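One chain, chain A, appears in both complexes that follow, with chain B as partner in the first and chain C in the second.
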Partner chain A sequence: MINETMNAIIKARKSRQRRYIFVTVLLAVITIALACAMMMLGNTIYPVRDVVRVLFGETVPGASFAINEIRLPRTVAGLFAGFAFGAGGYIFQTMLRNPLANPNVIGITTGSSAAAVFCIIILHTSSTVVSLAAVIGGLVTVAIIYGLSKGSSFSIGRLILIGIGIQAMLNAFISYLMLIGKTSDLPTALRWLSGSLNGAELEMTFPLIVAVIIATPILIYFAKHLEMLELGEQAATSLGVNTNQTRAILMICAVIVIALATATTGPIAFVAFLAGPIAQRLVGVGFSNIVPAGLIGIILVLGGDLIGQFAFETRYPVGVITGIIGAPYLIYLLIRINRKGDI
Partner chain B sequence: MKSLPSTGEKQRLLPKHFVAVVALLLILLLISVLMSLAFGSRTIGLGGLMDGLFHPSVESHEASVVRQRIARTVFGLICGAALGVSGALMQSVTRNPIADPSILGVNTGASLFVVCGIAFFSISSPSEYIWLAIIGAMLTAIFVFGIGSMGASGATPLKLVLAGAATTAILSSLVTAIQIPRMNVMDQFRFWQVGSVGSASWESVQIFIPFLVVGLVIALFVAPALNALALGDEVATGLGVRTGVVRIFAAFAGVLLCGAATALAGPIGFIGLLATHVIRLVIGPDVRFLMPLAALCGAIILVISDVVGRFLGSPGELEVGILTAFIGAPILILITMKAKMKSI
Partner chain C sequence: MPTHTFETKHLQAGYDRKIILDDVNVRIPSNKISIIIGANGCGKSTLLKTMARLIKPESGDVLLDGKSIHKMAPKQLAKILGLLPQSPIVPEGITVADLVGRGRFPHQSVMKGWSKKDYEAVAEALEMMNITEFADRAIDELSGGQRQRVWIAMALAQQTDILFLDEPTTYLDITYQVEILDLLTDLNQKYGTTIVMVLHDINLSARYADYLFTVKNGKLIAEGAPKDIVTAALIKETFALDCQVIQDPVSNTPLIVPIGRHHI
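Right after this comes the complex of A and B.
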């Protein structure tokens, strides 16, 4: 009897594991396909052979410039920013146990944006300082929102409302900076409002790449604890997890990658919000979904950018596309949550 | 609760401090109007101010600058008043302390319809697109409130704000998507992203007046019934109030006022929230007195924000919508911090 139950549990676990691996591999394949498309498509379409030759350092007339200077930076920025938004958003949603509590809705990306725009327009600093400021801006925003919403007792609802208020103020501040800024700075700064891969440079993406490479193993390692956190705070503590420490480490890592992604591409709307729930839907609960969520983040950013570049007569920045795709999902989610009767 | 007369105290006709508050608001209004006429890229002295206002025969440069600023100031006043009343109406109808046209996404709905009208139907005169703005505002209000009030607990502040934020996100993405391919056409209409009264003229005032009058008259008529509504639907029905009719009229007036304001000035946020809460704090929750004072207070806030924007943005101007968001959003945060957990 006990053996049968054990077997059933092991079987179910195996099948979930198979599903997890299958989905992750599938997502990775789609990611690679999209990245290839990003490299090949443009005003001139280059075959895979040319792209590979250019990447290995050969000079192909025409293709070399387009790929090295424009398409490669764009693709790399999309890859790493997408992963950062997806994985970071997933961490937030899981940790606060609420899909609505994500960096877009509670205004963390806006904090990073405001700091970045301030550095670009007022201080005229280098891109390293901009990245650093974006991280600090994100962390400070989290601290302020968390501090204000603590009060007598913590509630996610209060956190979200205060986040929306802070966001309105930060947006007003960004608009003010844009107004007093020089017109020559505006195109760079405009990116911080809607999110775009236009004008991405490898040098600007470098801090993000380093952060993602360092933070991902940390996130995956602590994700085991996150799984236990999902059972509830007390259950996790009794399983031997230092909840406060886990929370702090995960939160800081997530904010850092999201802030650096925001500093590179601007706050690409709703990627951090969408990736987590989609990953959950595809993989199912029970496994930590950081990698699938990150891959879905990449697919959303690269896919959105391809749609924005080629689907219409006008080129749209990726943020507009993900905004139009993502916001209806937010509304659908709200309707579902409201029907169930709790937020 | 303070304004309710305790037993033994004589029933008051007017809330406590009412006369003093009205006097104070009128003085502030006068000061803000004078500031709005005098300050700007060129500051006008008292003599020029007097010439421009009271001596139509004087033809000095200073006097003509003042005369040009009159239209803008008048427009700012009625726009602020409309937004103040609109906020008070929406808070009463939804029985929700953080209802405001900007938080509910109604302003963005109005913007989207106007931008569509300009882009696809080559509508260009304000008297035409004011109707589009009002239709857009109404549809958005119905949509947001519909989503926000689903479920057992009804329209809680959190649900309404989230529904409003999500709707705003879609609508503003659509506005951007429509604008990007038409940058040259849209450049003059950029103020639809941030509200501003800078381009107001006597024509805008003229177009606005009928909507303002209709909205204010309805507001005055429904105010006593809204007081009853605040006690709960059952009590209100018991007092002989037809709650459904009152709600529809009050919501209609609220949307009419903010839709018209948005059509002519763009989305100016948080004025209704700010004005209503300040006034309620001072004179208490009686809607009959709250409404006219919120109008006064809204007008003052908008005109002063406009003046401050001229200083902060100099040599250009900082749009008034940016300033009102900056001073209004903290009110949202304060209300949230004070609110009991359950009521969120």
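Right after this comes the complex of A and C.
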């Protein structure tokens, strides 16, 4: 009897595991295909052979400049920023058990942008300092939202509403800075307002690459703890999770990668918001979906960028495209929540 | 069956600097079912949560086998002491077997998948709670009584020697209340699990408890076997309720019959 039950459980779990692996591999393949498309497509279309030759250091007339200087930085920025937004957003949504609780909606990316724009327009600092300020801005915003929502008892609904309020304040602050700023500073500052892969440079992407490479294994290591946190504070504690420590580690890692991604590409609208729920749909629940969510993030960014570049007569930055996809989903979620009656 | 000593020493605890428990000393009898009763807001739930390390005491300590639970590694402690909270959260769409499997967390190393022992523990817990047929179903589809059995199965899969439950029968129909208490008694008899729970129903408590604790205003006012301590005077003191105590014709334990202002 017990063996029968055990075999049934093993079978069901193995089949879910197979689905997880299948979906993850499929997403990885799509990611690679999109990255190839990013490298091949442009004003001139170069075949894979030329792209590979350029990447291995050969000089191909015409192709070398376009690929090394424009397409490669664009693709790399898209890959890492997409992963950072997707995985970071998923961490927030899962930890706070609500799809609305993500960096786009509760104003963490706006916190990074505000700090960066302040450094550019008022302090005129170097781009390294701007990136650092973005990270600190993100962390401080989280700390403020978290502190204000703690009150007598912590409530996630309150956290989301406070986050939306803080975001409105930060947006007003950014608008003010843009109004008083010098015209010459505005193009740099504008980068922080809407997500775009235009003008991406490899050196600027470097801090993000390092952060993603360091943070991803940490996030995966804590994936199981994250699953326990989903059951609520009390259940997680009694299962042996140090909830405060786990939450702090996960949140800091997620905020750092998201802030650096924002520093690289600007806040690409709704990627952090959409990636988690899409991954959950495709993979199913019961497994930690950090990697699938990261891959979906990449697909949204690279796919959105390709659509923005080639689908219309005017070229649109990726943030416009993801914004168009994301906004209806946000409205759908709000309607559904309205029906259920809680945030 | 493993025995443990579990006691609190001069426990003071509460929320937001408001002290709810005041100098509570309890000693939980090993391998028995203990039930904590008391009026709403008396601190019984706070006592349970403080003993299960969900609330850090202001002063005093909670000792497991003589060691402070706040000085033990969380995962080590979670192998001995489990708690089923009053309202745990169901992750959307999760299946019964996966949820029960989360009880295995303290036994698993972080990067590894499930071991044979994990599968065994989950299967055993599902069978004990009679929920094998739901193993692959989403929790959202189950009724309240079935859900509660799933949560208890999760606590069982944790395989702790001591299990705390915070009002495990609240919101359930009487049929399911009795069913849950029967299942917990099975668990106690089969594995010798020390069970400590907070319950609202005095009569069911008197029937199912080996040992009762009554709490009033954050203080322990009586403890002992139900037949030794449940008297009209104690109920009056604990709940401010007049009653007659008669013998439960089914279990021979004390049965209280409340006296209100009408129908006398």
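Simple rule for what comes next: the second predicted complex is superposed on the first by the 342 of 343 C-alpha atoms of A that agree within 3 Å, B and C clash if a C-alpha of one lies under 4 Å from a C-alpha of the other, contacts with A are read in each partner's own complex, and residues count from 1 in each chain.
In this text, a contact is a pair of C-beta atoms (placed from the backbone, for glycine too) under 8 Å apart; a residue touches a chain by one contact, two chains touch by 3 or more.
As the structure is a prediction and not an experimental result, all values here were calculated from the model.
**Student:** Output check: A:Arg53 vs chain B and chain C. Expected answer is one of first, second, both, neither. What do you get?
**Tutor:** Neither partner.
**Student:** Touching A:Arg19, do we find chain B (first), chain C (second), both, or neither?
**Tutor:** neither
**Student:** Taking the superposition as given, does A:Asn242 touch the first partner, chain B, the second, chain C, both, or neither?
**Tutor:** second
**Student:** Is A:Glu227 touching anything from chain B or chain C once the two structures are fitted on A? First, second, both or neither.
**Tutor:** second
**Student:** Using the superposition described at the top, determine whether chain B or chain C touches more residues of chain A.
**Tutor:** The larger set of chain A residues in touch belongs to B.
**Student:** Which parts of chain A are in contact with chain B and also with chain C?
**Tutor:** No residue of chain A touches both chain B and chain C.
**Student:** Touching residues of chain A toward chain C in the complex: what are they?
**Tutor:** Result: residues 1-3, 5-6, 8-10, 12-13, 97, 152, 221, 224-225, 227-228, 230-235, 237-242, 280, 284-286 of chain A touch chain C.
**Student:** Which of the residues in chain A end up touching chain B in this complex?
**Tutor:** Chain A residues touching chain B: 100, 105, 148-149, 151, 153, 155, 157-158, 160-162, 164-166, 168-169, 171-173, 175-176, 179-180, 194, 269-270, 312-314, 316, 319-320, 323-324, 326-328, 330-331, 334-335, 337-341, 343.
**Student:** Touching residues of chain C toward chain A in the complex: what are they?
**Tutor:** Spelled out, the residues of chain C in touch with chain A are 15-16, 49, 52-54, 74-79, 81-85, 87-89, 91-95, 97-98, 101-103, 105-106, 108, 110-111, 114, 119-120, 122-124, 126-127, 132, 135-136, 158, 164.
**Student:** For the complex, which residues does chain B have touching chain A?
**Tutor:** Checking each residue of chain B against chain A gives 98, 103, 147-148, 150-153, 157-159, 161-163, 165-167, 169-170, 172-174, 176-177, 180-181, 194, 269-270, 312-313, 316, 318-319, 322-323, 325-326, 328-330, 332-333, 336-337, 339, 341, 344.
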